[in-house]
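Next come the structures, one after another.
Next come two complexes built around chain A: one with chain B, the other with chain C.
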Partner chain A sequence: MKGVKILFIPLMGLVVILIMLILSYGTLGYSPAEYIRSLGEFLLRQSFNVFEKEWWVGSPEVITATLWDYRGLDTVYETTVFYLAVIGCVSVFRLLQPKLAEITKEKEEYALTVIVRVATKIVLAVIILISINIALHGHITPGGGFQAGSAFAIAPLLAIAAFSRYFVEKMGLKINLSHALRSLGLIIIALVALLPLFYFGYLLQNQAKPWSPFPGYPIEVSFLELSGSLFHFDIGEYLNVAMGFLAIFLLLSLPERVFKKDMEVVKSES
Partner chain B sequence: MFEVIEWFVFIIGLILITIGAICDLAGALGLVRFPNFFVRLHAATVGTIGGAVIPLFGIALVSAVSSQLGPFRWTVAGGAVIAAFLIMIVAPAGSHALAYAAHKAKVVPVEPKVCDLLEEHEKRKAKEAEKK
Partner chain C sequence: MNPEHVVVLYLYAALFVVFGISVYGIVIKPHIVKKLIALSILGDTANTLIILLGYRTLPKPWPPVFPELEPSLELIEEFTKLSVDPLPQVLVITAIVINMAVTALLAFLAIQVYRLYGTLDFRKVLKLRGW
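For the complex of A and B:
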C-alpha cells in the first residue's frame, strides 16, 4: 500500500505536466493542419466585416455566427435530434392516467432544512435571470441558446432536490406548458429558417447577398442589436432546450409507486 | 497620496490571495487526513470559503487598482465580488445539506465523535413521542 502511494504522487505530477504541455503547445498553439487554418481565418475575418458585406453575419460573436449561419443546417438538425430525444423520454415514462402524477403533493415534513431552502430560493432567481441573459446576448457575448437552456435546466433540478416536484409545478412550470413552449421554440426556428424561401432567397439565409433577392434580417432595431436571424434562432433554441430538460426532470422525478399504480390498471384491464 | 492608497489596496489584495492559497492547501490536506465524513466535509468547506471566496475578494481589490485594464477593471472587480457572494451563499448550504442528509440516512458512522447534538435532539424527540 505504501509503495502504491509513493508511485501515485510522481504519476499525478506527470499527468499534470502532460496536460499543461498539451494545453499550451497542442490545442492552443498551431496544431491543426495548414489547409484547415484558412477556414478559421475566413470565419474570423468575415463574420463581422463591415467593409465587405458579401459573407458577413453582422454578429461579433464568431461561434454563434458559425453555428447558426455558416453551418446553420447542422444546428437545425441537432435541435430536432434533441426534440426527438425528449419525445422518446416522454414516451418511455408515459402514464395511462395523467391524474396519477398529482399524488406527489407531498407533506412539508419531508422538505430539507430552512438553510437549504432559503439558499436555493436565492440561487433559483439568479439562475433563471442569468440563463435569460445568456440567451438574449448569445449573438454579442459568448453563449447562445443551447448554453442558456442548459443553464436553465439547473433550476428545476435544484428545486426538485431542495423542495419537491410539487413545488416546481406550483411555480408554474408544468409538463404541458413545457411541451407547448418546446414546440413553440421549434416553430420559431422553422419559421425563421423558411422565411427567406418566400422571398426567393435560400434556406437559412441571414443577411442580404448580391445574388439573392432576400433583403436579409434586420441587424439592429433602434438601439437593439439583433444580428439578423441569430437572435430569433437563439430564442427558439433556448425555449426548446430549457423546456426539454424541464420535461425530462419532471418525468424522472415521479416516484416509482405512481408507475406501479398505473400498471395495476393495465393488468386489471387485460 | 492617492498612489499610496492604491499600493495599500494592491498589497491587501495580494495578501487575501495568499491566504486563499494557504486555505486551499489546508483543505486538501484535511480532505486526505481527517478521520470521518463530517470532518472531511469541514475541510472541503475550508477549501471553498477560504480558498475561493477570500481570493476572489482579493482579485476584486487587485483589479480595482490595476489602471492598465482601463474601464474593464470594474467589470472584473464586479464579477469577482458577485461570484464571491454567490459561492458564499451556496457552498455552506450545500455542505449543510450533504451533512444533514448523510446523518439522517445513517450512511456514514459518526466515529470518532465528541458530541452529536443532532442525534441527541432526535432521541429527545423520540422519547417525547413515546410519552404521548
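For the complex of A and C:
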C-alpha cells in the first residue's frame, strides 16, 4: 500500500500539471479578455432583438433564453439525467415492505424550543414563496426552473432538521406526491417541446421563424410577460427539480431501524 | 499587464491548487465520504473555472440580463459590448444541479455500503469481499 501511494502522488501531480498546461495554453492567452467569443456575442445581440426577429427568443434573460431555446435539446436531456438519478436513489433505498415507512409516525417527544420551531415555520413559508417567485420570474429576471428547484430543496431539509420527517409528510409533501409531480413536470416539458410538431414546426421551437409554419408561443398574454415557451419549461423544470430533491431528502431521513427490520424479514424468508 | 489580468492570474493559480487538492482527496483518501467531499469540490472548481472563462476584463461588465423590457437599438449594442459571456453560465447552471443529483446518488450508495459491510473504509470493504 505504501509503495502504491508513493507512485500515485507524482503521477497525480503530473496529471494536474498536464491539465493545467492544456487549460492555460488554450485559455489564458485570450480569456477572460475584454472581448468575448462571437457565439456569446450572437446570443447577447439576438435573444431580445425586437428589431430583427429572425433569431430572437423574446426573453430579456439571455441565460434562460439560451438554456431553453438555443440549447433546448441539451437541457431536456439533462433534465432526464436528473430524473434518472432520482430513480436510482429510490431503487437503492426501496423497502420490500412499504408499510414499514409508517413507523416514523411517532410522537415528537424531544421537540426543539419554541423559538426554533416558530422561526423555522416563518422561514419555511418564505423559502417556498421565494422559490415559486424565482421559478415564475425566470424568463425576466435572473432565475429559472433549476435555481428555483434548488432553492426549494432547502425547505424539506430545514423542516426535517427542526421538526421531523413526519412533520414534512403532515404538510402534504409525501413521497408518492413528489413522484407524481416530478413526472408531471417532465410531461409538461415533453408536451411543450412536442407541440410545434403538430403545427409542422420543428422540435422545441419557441418563436415563429420565416421557414416554419408554426406561429410561435405567445410572448405576452394581456399584462403577463410569458416569453414564449420559456415560462412553461421553467414550471416543468421547477416541479421536476424541487420534487426530486424532496424525494431524495425524504428517503435519506428514513431511520436506520426501518431498514434493519426490512432486512430481517428478507433474511427470515430466505 | 492590467490589474484585472493580475487578478485573473491569481484566480487561475488558486483554482489549480484547489483542483490538485481535490484530485489528491479522490485518489488517496480511503474513506468513501471523504472521496465524495473531494469529488464535489472538484465539480465546484470546474464550474468556477468555466465561469471565469466567460468573464470580461472590463472595469464594470454587465450581467447578461437586459435592464429594460423595451430596448432601443443603442441599448442592444451597448449590452452586446458590455455584458459578460452568457454561454459558460448556461453550462454551469445545469452542471450544478446534475452535480447535486449525482452526489446524492453516491451518498445513497455510500449509506448502502455502510449498511452491508459496517464500514466506509474501502480497503476494509475490499478485504471483506475477499479481494
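For the reader, a short list of remarks on this structure follows.
Methods note: the second predicted complex is superposed on the first by the 235 of 270 C-alpha atoms of A that agree within 3 Å, B and C clash if a C-alpha of one lies under 4 Å from a C-alpha of the other, contacts with A are read in each partner's own complex, and residues count from 1 in each chain.
Rule of thumb we're sticking to: a residue touches a chain if its C-beta (ideal position, glycine included) is under 8 Å from a C-beta of that chain, and two chains touch if they have at least 3 such contacts.
Computed from a prediction, not measured in an experiment: that's the story for all the values here.
When the two complexes are overlaid, the chain among chain B and chain C that reaches more residues of chain A is C. Using the contact criterion defined above for the overlaid structures, shared-chain residue A:Val126 touches chain B, although it does not reach chain C.
Once the two complexes are overlaid on the shared chain, A:Phe223 sits clear of chain B and of chain C alike.
In the superposed pair of complexes, A:Ser150 makes contact with chain C only, with no contact to chain B.
When the two structures are aligned on the shared chain, A:Val116 is found in touch with chain B, with no touch to chain C. When the shared chain is aligned, chain C comes close enough to touch A:Met20, but chain B does not.
Once the two complexes are overlaid on the shared chain, A:Gly40 sits against chain C while remaining clear of chain B. Of the two partner chains placed around the shared chain by superposition, neither chain B nor chain C is touched by A:Phe200.
In the overlay built on the shared chain, the residue A:Glu61 is in contact with chain C alone; chain B does not reach it.
Overlap of the chain B and chain C interfaces on chain A: none, as no residue is touched by both. For chain C in complex with chain A, the touching residues are 8-9, 12, 16, 19-20, 23-24, 27-28, 49, 52-58, 63-66, 68-71, 73, 76, 79-80, 83-87, 89-90, 93-94, 96-98, 100-102, 104-105, 107-109, 111-112, 115, 123.
By the touch criterion given at the top, residues 112-113, 115-116, 118-120, 122-123, 126, 162 of chain A touch chain B in their complex. By the touch criterion stated above, chain B contacts chain A in their complex at residues 86, 89-90, 92-93, 96-97, 100-101. Within the complex formed with chain C, the chain A residues making contact are 1, 5, 8-9, 12-13, 15-16, 19-20, 23-24, 27-28, 31-37, 39-41, 43-45, 48-51, 60-63, 66-67, 71, 74-75, 78, 81-82, 85-86, 88-89, 92-93, 140-142, 144, 146-147, 149-150, 153, 225, 241, 244-245, 248, 251-252, 256, 259, 263.
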